[in-house]
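To keep things simple, chains are lettered A, B, C and D as they appear, and every chain counts its residues starting from 1.
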Amino acid sequence: MKSKLKVIKSVAGALLLGSAVNASAADQTILNTSYDIARELFATYNPVFQKHWEEKTGQTVEIKQSHAGSSKQARSILQGLPADVVTFNQVTDVQILADRGKLVAEDWKSKLPNNSSPYYSTTAFLVRKGNPKNIHDWGDLVKDDVALVFPNPKTSGNGRYTYLAAYGYAQDQFGKNATEQQNSFLKTFLGNVSVFDTGGRGATTTFVERGIGDVLITFESEVNNIRQQYGADDYEVVVPKTSILAEFPVAVVERNAKKNGTLDVSTEYLSYLYSEESQRLLASFNYRVHNDTVKAEVADRFPEVKLLTVEEIAGGWPNAMRDIFANGKQLDQLQRR
Amino acid sequence: MASGQRHQQRVGDRPAVKYTLIGITLVLTALLLVVPLISIFEQAFVDGLAVYWDSLGDPDTLHAIGLTLFVALLTVPINLFFGVLLAWSVTRFEFPGRKLMMTLMDIPFAVSPVVAGLLYLLLYGNNGWIGEWLYEHDLQLMFAWPGIVMVTVFVTCPFVARELIPLMQQQGREDEEAAVILGASGWQLFRRVTLPNIKWALLYGVILTNARAVGEFGAVSVVSGNIRGETNTLPLHIQLLYEDYQATAAFASASLLALIALITLIFKAFIEWRQERAEQLH
Amino acid sequence: MPSSLSVASAKTRHKRVLPGFGLSLGSSLFFISLILLLPMTGLVMQTADMGWSEYWYVITDERVVASYKVTIWAALIASVFNGVFGLLLAWVLVRYEFPGKRILDALVDLPFALPTAVAGITLATLYAENGWYGELLAQWGIKVAYTPLGIIVAMSFTSIPFVVRTVQPVLEELSPEEEEAGITLGASDWSVFQRIIMPSLWPALVTGVALSFTRSLGEFGAVIFIAGNMPYVSEITSLMIFVRLQEFDFPAASAIASVVLIASLVLLFAINIWQGRYLKRLHGR
Amino acid sequence: MSIRLENISKTFGQFQALSPMSLNIDEGEMIGLLGPSGSGKTTLLRIIAGLEGANSGRIQFGDRDVTNLHVRDRHVGFVFQNYALFRHMTVADNVAFGLEVMDAKQRPNKTEIQHRVKHLLEMVQLGHLANRYPSQLSGGQKQRIALARALATKPDVLLLDEPFGALDAKVRKELRRWLRSLHDEIGFTSVFVTHDQEEALELSDRVVVMSNGHIEQIDEPAQLYAQPNSRFVFDFLGNVNVFEGKLTQSRLHNHNAWITAPSSDVPMNSGQLYIRSHELSLHTEASKIANLPLKVVAVNPIGAEVRVELAPHEWQSEQIWEADLTHSEYDRNPVKRGEIVYAEPRNGYFFRENSHQAPEQVSWQSRSLDETVK
């Protein structure tokens, strides 16, 4: 049966223009399933790792990439997408693979340093040239005439970080127990949103291409990318004094990797992200990294921020999902009209 | 008697009415259909021809084009075959449940494409009971090309039958009954009597099926897995490019789809022209 | 008993003069079951997992209900607009000869052929305040992109061919005699159109509008880019399904999807029945 | 109201559908336009109605020049070949339509309309079907509703396109009589199109015979029958036996068969002799008048007559001949299938070779009569 399918596959492959090539010439093939905007990052990292793996083992490895919203990717893996490793921007999306499908080890977080998050970022602001609305911190975002653009917390991890960051600021500002003041701040904050796109890049397009809104709130790494893409002069980056620690968790999808016989190369693929070479590469994509040497090199590009963790703000992701983002909970209540 | 000129007194033939209506239609069509089409090409060529060709020459893009055509190549014959049989059964025979069958056939029109994809995922994905079996036997349907073909077949399956049914109903069964009386076998009957009568509608159904198969996004996006260079169809690829700050490349690919659409439409117009000419000659 | 059985079978055999009943019905049933019905069981099984009260709770969630309203209103306006514009298009294509007619005819199918996401991005570009149309409309104080109006624009764009393509053939088949009869009886063009032509077109027009409506209810790709997706204002039901999926809540997603699906099927079925009755009156069959 | 057509012509592209023609129709007259399909009769009717524009000429209704008047202002009633009843309206609504779309000034009020509709339906004897839909009616009923609808607005002229074409023979005959009596009762001017000569002759005050876009002859039915002025009219009006012969020695010869030229003042010539089927008698041998051997092909007793079908024996004719015998004639000489009989003409019409003139009436009876007198 399997051989038959292979024949079909190769016939199909032959039919696909120019794709007959991908019939694996490599010793091993792994599929890296990742969030939507990490294509370039991993397209750059893959050759680095391929070289490293060949030097280390003498084997060639081919790395296939799949990119889409990270929740959607997790869903696909649960339903059978044969991913060997995941590189997500959402802790919950990895966790669900462990909880629901036993696809990822229960203790995946401790398998690699820094909560299995080889790089991280925070939430920052992008404002238009000259910062006409004078935006410097979260408090400035609730002014009457400020229009915000950030992705929908209901559909996007990026949006959830943004919301939690604002929540964290409110806790910081008004005190942990000043629920009323926090809520009124958050309500105004949400009320100032012009467009809720489903994903981060959609929000960027809305802000940049369509000219909607005064402030785009997204990952710091993205904010810098946008400046590089669309012209450094037209926009300014504002990094607030307090913000959130946004982790980018990685894990081996052990069930698939075992089945595919790629456990070793998959594990190494992720571990090598912690190497100095890789960390430098990650930093060049505007992510914050852990390696001290690299950190020192790029210190000027990453201003000091008081980084609150999800633990501190909401008692961890499971609680945040349950008490804030779940249907009818805090977010829904604050958005009600 | 040339029938074209016979009825001079039809409603709305007064020049004032006629040209007002044509005018309104052309303006609305231009605004609502033509300008969006042009803007796709405008954005595709905004950085010049060289960039355009470059972005189309990208191996991932080429692969996406190939996969898209491959999917259409499989989908169209499947739907053609079953569409004809379905139209034959509901127009040539009376049986209980005939009406229900015709309504069921419209399901893909009523189902949001995303939901359509979800339906397949729930059934054939690892959580479904069939999915379990497939996993055990190492058969990858979802997140591979068979899954993409399956949902595309689902989304496009009404087109052929929907084109054929009204026509075959209108034409009635007399011709075929005559052929049976003259001793034609089933296949001869179909090939020599039915097919010549329905060939244009059939072709139109095929064209629509093809157009939709090539352009399907929602359903495919759910079951594709988005693996670059493997399960990424052109519409998915466009979105990825767009999300990747490669708007020009995205619109270059989009313009390709628009071009396929246009070629399809021109082909269709050509077929209709041929048909009209054939009718005039007879 | 055996004798009556054989009589019945002889009768049915006699009725079917044409060949291929078994083959065509068999494969049609096979196809419909495999491609259409089997996947539907997935939906049913997902929703069956939840109790009735939970199902009710999920589908009557305040925000979801708000999304029904937005979706239905937008789809209704879009399909009514398409009814008018589609009828006009079909009329002009059938009744008049003019240069460029073939191109116009071909263009009608464009929205079918264009991937919805491309349509969505393109429409958002055009109607955003810095786009070609947005700029113009802004002068009149009209905002389309990122408002419910944008949803309507996207919905009507993607579903216009349904109306044109269902009305067109009926308009072509319309016999000129009834029109002429009306005119000889002294009716004006308008009253002939309204009282003689329209009644013949209703079944097709209503079907076209209904198809356009159901398609609009389910539209996601084209709408999402231009809607703005503000809670309670411009969130469509497809987005709510998408949100539930993001939350890994398959049963809830299936439940909301089932509402849309049932609504669409009921509508289509009702239209089929209504059309059957109406046509029966006209043709006496 | 009288109708006056002057020099009406019509072309469709290259095709000359009507050559210039004129026609006067008196008030209250019923005119039948008779001709084969493609003869232009329907086109003429549609031009009178205003459904079609003529390329040239003038049309007058009474004193009114309606040439450039739109259909809806001509006040014509038109009954379509397939009735063109509005399928989505009830019978009563169909009949009321013309009244309801009148200008507000002329439009009768609702009760008046109801009253008129009721009256019209009673007139066509279908009052009990007022709430039916057209699809529930028989052909004859549809026809009468179509007529009632056309008459509702009290048109100046009534135009009917193949009014009985789609009906079976019995209903057709019945409706024909009914229409005639209705016409006599109300007295509207009417023009109808038909390809059935029997219908035309029975219904019309005058018949207009058309072929190839020309008017061949306009005459009252009796006159038309007695004096057809062309081969075409002759052919079209019913069964006729044609003997084509060369004149030698005062006999018309066709192979071995011959007919003696009748004694008349008209000088005979080669040409065609048209003999109606009831103008033949059958004998067991040739007579002085004619030697026309024919083989009996069929014998059909129909009603008052016995129709005998005959095939020319050792001479040539394009068609099978027919002889209509009275029963007493037949009883005297009961011919059987396969026998050879000899026919003798009583009266005929002679068309000269190479001539388009009207035929000459010829008779052999007068001679035999003359002889007996002598």
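Things worth noting here:
As a convention for this text, a contact is a pair of C-beta atoms (placed from the backbone, for glycine too) under 8 Å apart; a residue touches a chain by one contact, two chains touch by 3 or more.
Here the structure is a predicted model, which means the values were calculated and not measured.
Among all pairs of chains, B-C has the largest number of C-beta pairs in contact. Of all chains, the one whose mean C-alpha position sits at the greatest distance from that of chain B is D. Chain A and chain C, compared by their mean Cα positions, are separated by 38 Å. Per-chain CA centroids place chain A at a distance of 91 Å from chain D. Distance from the chain B centre to the chain C centre is 16 Å, each centre being the mean of its Cα atoms. Contacts with at least two other chains are made by residues 6-7, 9, 121, 242 of chain B.
The set of chain A residues touching two or more other chains comprises 78, 202, 209.
Residues of chain D in contact with at least two other chains: 50-51, 71.
Those residues of chain B lying in contact with chain A across their complex are 59, 62-63, 65-67, 69-70, 73, 121, 125-127, 131, 134-135, 137-140, 142-143, 145, 221, 225-231, 240, 242-245, 247.
By the touch rule above, chain C contacts chain A in their complex via residues 61-63, 124-125, 128-131, 145-146, 224-225, 228-232, 239, 242-243, 245-249, 252. Listing the residues of chain A that touch chain B in their complex gives 1-2, 5, 12, 15-19, 22, 31, 33, 36-37, 39-40, 64-68, 73, 76, 78-82, 101, 199, 201-202, 205, 209, 225, 229.
The touching residues of chain A, counted against chain C in their complex, run 69, 71-72, 74-75, 78, 96, 100, 152, 154-155, 193-198, 202, 206, 209-212, 321, 325-328, 332, 335-337. On the side of chain B, the complex with chain C involves touching residues 6-7, 9-14, 17-18, 21-22, 24-26, 28-29, 31-37, 39-40, 43, 82, 85-86, 88-90, 92-95, 99, 101-116, 118-123, 128, 150, 153-154, 157, 166, 170, 173, 176-177, 180, 185-186, 189-190, 208, 211-212, 214-218, 234-235, 238-239, 242, 250, 254, 257-258, 260-262, 264-266, 268-269, 272-273.
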